[in-house]
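Paired with subunit B in one complex and with subunit C in the other, subunit A is shared by the two complexes that follow.
So, the complex of A and B:
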């Protein structure tokens, strides 16, 4: 491997399955910039027609707290609270089997304060992981480009298992042989 | 809290069925085993593109070609999901790729066998993906959140991989004599490598007890292998095809199909780098990585020009 040959910074990706659904974490991609992050996110996570919008954010811009960390170490300390408040988007993993989904936005003066507010506002029904992200750190797909980004997946029904009739084929074969199930 | 307290709390969480997430306390050995397993799994998806990729340009019709292209493309994506899951544990993409290209990392031994005829595309889909799905369905219940989520997504997408393969085997098995002979030959070559995919017998699998204790795996290698043999055998016979195992028999008492002895010398030879295609597979990955270097350099130069620095 050549020195200086890196796989680029990591972006976390969130996808939205329908207009009224929350953005949910899909995984991450590596990219040199935001535009490439969204392009790679489309290629890696949207091979099937279940997406209307993608968000990407540098993994290092996500501030995370797990319920286990909260119990073990308490809330992270907020240092400088003098700055102006800004908008943070909050993602919550609510169930053990689920993913991190967008639940809302809060105003806070620091990431630590945002996490504290996220726990207070979005933890009442039990939370497992909280992520807060400054709204300005998120890059979003342009609604005007939905068709060019996501429509091509619609014409590929062969990516779905229902396209293949193996059960019917096996049944016909048995019938032909006179074997009754 | 002492290390022992942390470990007790961690094991209690696992026994309650909770998922462990990045940031949570975990034993070093749990992290090490997961990185080993997930990166091997990622490499398997990436190397697994090669035996099938060779046949995309030789598909017998446009439908089969589009299906095979979509399947191989999925495998590229699944490799990415899995590298991501390993990255959440602190492994870097650079070190994982370096480990693969230098021959240090392992991947599923089955991809070191050659794909010699079009019928292999059917049999790989049915047997190899069928075996992978059994393993992945189990891993979807894994105690590590990011791995479990990757497995749920992969299992949902891969259900078509197995069905497209099985469909082809059914069609070929009812076709001309030449087609029947071609698919039987493919089954003869892929059966044992598929049976070996589940890994060594339980008593010879040193990692298994820790993996099961910590909820990474919920079934043993031999349990999964038995599920596979039970699932495949009756349907292969129904299609009028044979399996290359003279000792294979049905056990009335247990309801299991019992397979004959596995050639573990062959298994270890292929795992350790001396299979029919190991060198060819790594050479193909190395070439892809080296051929892509100028693209990565161009993107870096573009990013530097636009922003003055690569986002960090």
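So, the complex of A and C:
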């Protein structure tokens, strides 16, 4: 990809570290479709043995509300309340340095109504940014695929840079050759 | 193959280890150049996995010959001359376009997957254990490359054509592992059934991806001792630093 306008669509990725843990935002990947989104999510974010499930959501399918917007403008207006209620998943960012974590699901008839319900239900925990996503917009890894997707990361030792003693080695080689650092 | 079983099995392991090593080197040449950042990361990761598999096979080969598991892999990688490598020619060919590299990785992953499935059943336990350890990674590679083969095969006219060209060029080379007359060691997989399993693995996906398997039935090269002129250049680059700094530990 050489220019911005040919960039593939962006998906937000959420990973789960254990069966009883919430899905937490890991970052985003570009992908042409849902299958590739999960694949890229796995390749980019699952290098350590701590993932049992991945969700990906097209970034444009995320409806967002910040605490500042809430204070300045109040809750977004719901234009169409006549639709059928559907499930929205709610993600909340609680601290500036933290990531969006999944906090629960609510029923609502529109994204705006979902945001209002998210603030009402999950605002008391303190929030900086609320995200709501229609449940049908989330693509999830299949529990039956845990082995083929994540098992290989389990057997990989994670090593920090210092394990390889590269700095010491390079210093020794430089000294030997009389190269100044 | 030698008539000494340990030696023959060690030769076999060095051969498949060399396949992994040389392919890892070619794959690593894509680092920073893959078509999109996410794939760049994924392909570099696959290259690292293959290099890890090479090390595992080399250690086993060393074990059979009473060599140190610590130093033997490094000796094989950094101290051999190009004509001492025993990889199949497919993995030493230059990268070509993305379709070529991707198709090669797919053909290799499908081969390695069926080979590992057979090796897991080996009656030599250390070999079966190593195969079992490597297998999940290879299943993931196969999943990754299959998705790309399908996507590019069914993509545009151009992507389909490039994939078909890559398949036409690579397929005869992919037959090389099956071109030997087989082996008589129960620890190693039977070549004929391996070939059948491999065909059964690739046929449905390639058909589904609108790609035609060439009608050629034999590899242009049989012996793992034969190499193209591309290999010496690759080895020179791979060994350059190690030869310059012989005291360095890797």
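The criterion applied here is as follows: the second predicted complex is superposed on the first by the 152 of 181 C-alpha atoms of A that agree within 3 Å, B and C clash if a C-alpha of one lies under 4 Å from a C-alpha of the other, contacts with A are read in each partner's own complex, and residues count from 1 in each chain.
By definition in this document, contacts are C-beta pairs under 8 Å (C-beta built on N, C-alpha and C of every residue); 3 or more make two chains touch, one makes a residue touch a chain.
It should be emphasised that the depicted structure is a prediction, and the values quoted were computed from it without experimental measurement.
In the superposed model, A:29 lies in contact with both subunit B and subunit C. Touch criterion met: A:8 reaches subunit B and subunit C at once. Contacts of A:169 after superposition on the shared chain: both subunit B and subunit C are touched. Once the two complexes are overlaid on the shared chain, A:149 sits against subunit C while remaining clear of subunit B. By the touch criterion defined above, A:39 reaches subunit C but does not reach subunit B. When the two complexes are superposed, the chain touching more residues of subunit A, out of subunit B and subunit C, is B. Taken together, the two structures place residues 1, 8, 29-30, 32, 36, 43-44, 47, 165, 169, 173 of subunit A in contact with subunit B in one case and with subunit C in the other.
The residues of subunit A lying in touch with subunit C in their complex are 1, 8, 29-32, 35-36, 39-40, 43-44, 47, 147-149, 151-152, 154-155, 165, 169, 173, 176. The touching residues of subunit B, when paired with subunit A in their complex, are 1, 13, 17-19, 21-25, 63, 66-67, 70, 73-74, 77, 80-81, 84-85, 87, 92-94, 97-98, 101, 145, 148-150, 153, 157, 159-160, 163-164, 166-167, 170-171, 174, 235, 238-239, 289, 293, 296-297, 299-300, 302-303, 306-307, 310-312.
Touching subunit B in their complex are the following residues of subunit A: 1-2, 5-10, 26-30, 32-34, 36, 43-45, 47-48, 58, 60, 64-66, 68-69, 72, 93, 96-97, 99, 128-129, 156, 158-161, 163-166, 169-170, 173-174. Interface residues of subunit C facing subunit A in the complex, by the touch rule stated above, are 35-39, 41-42, 45, 49, 133, 136-137, 139-140, 143-144, 147, 151, 245, 247-249.
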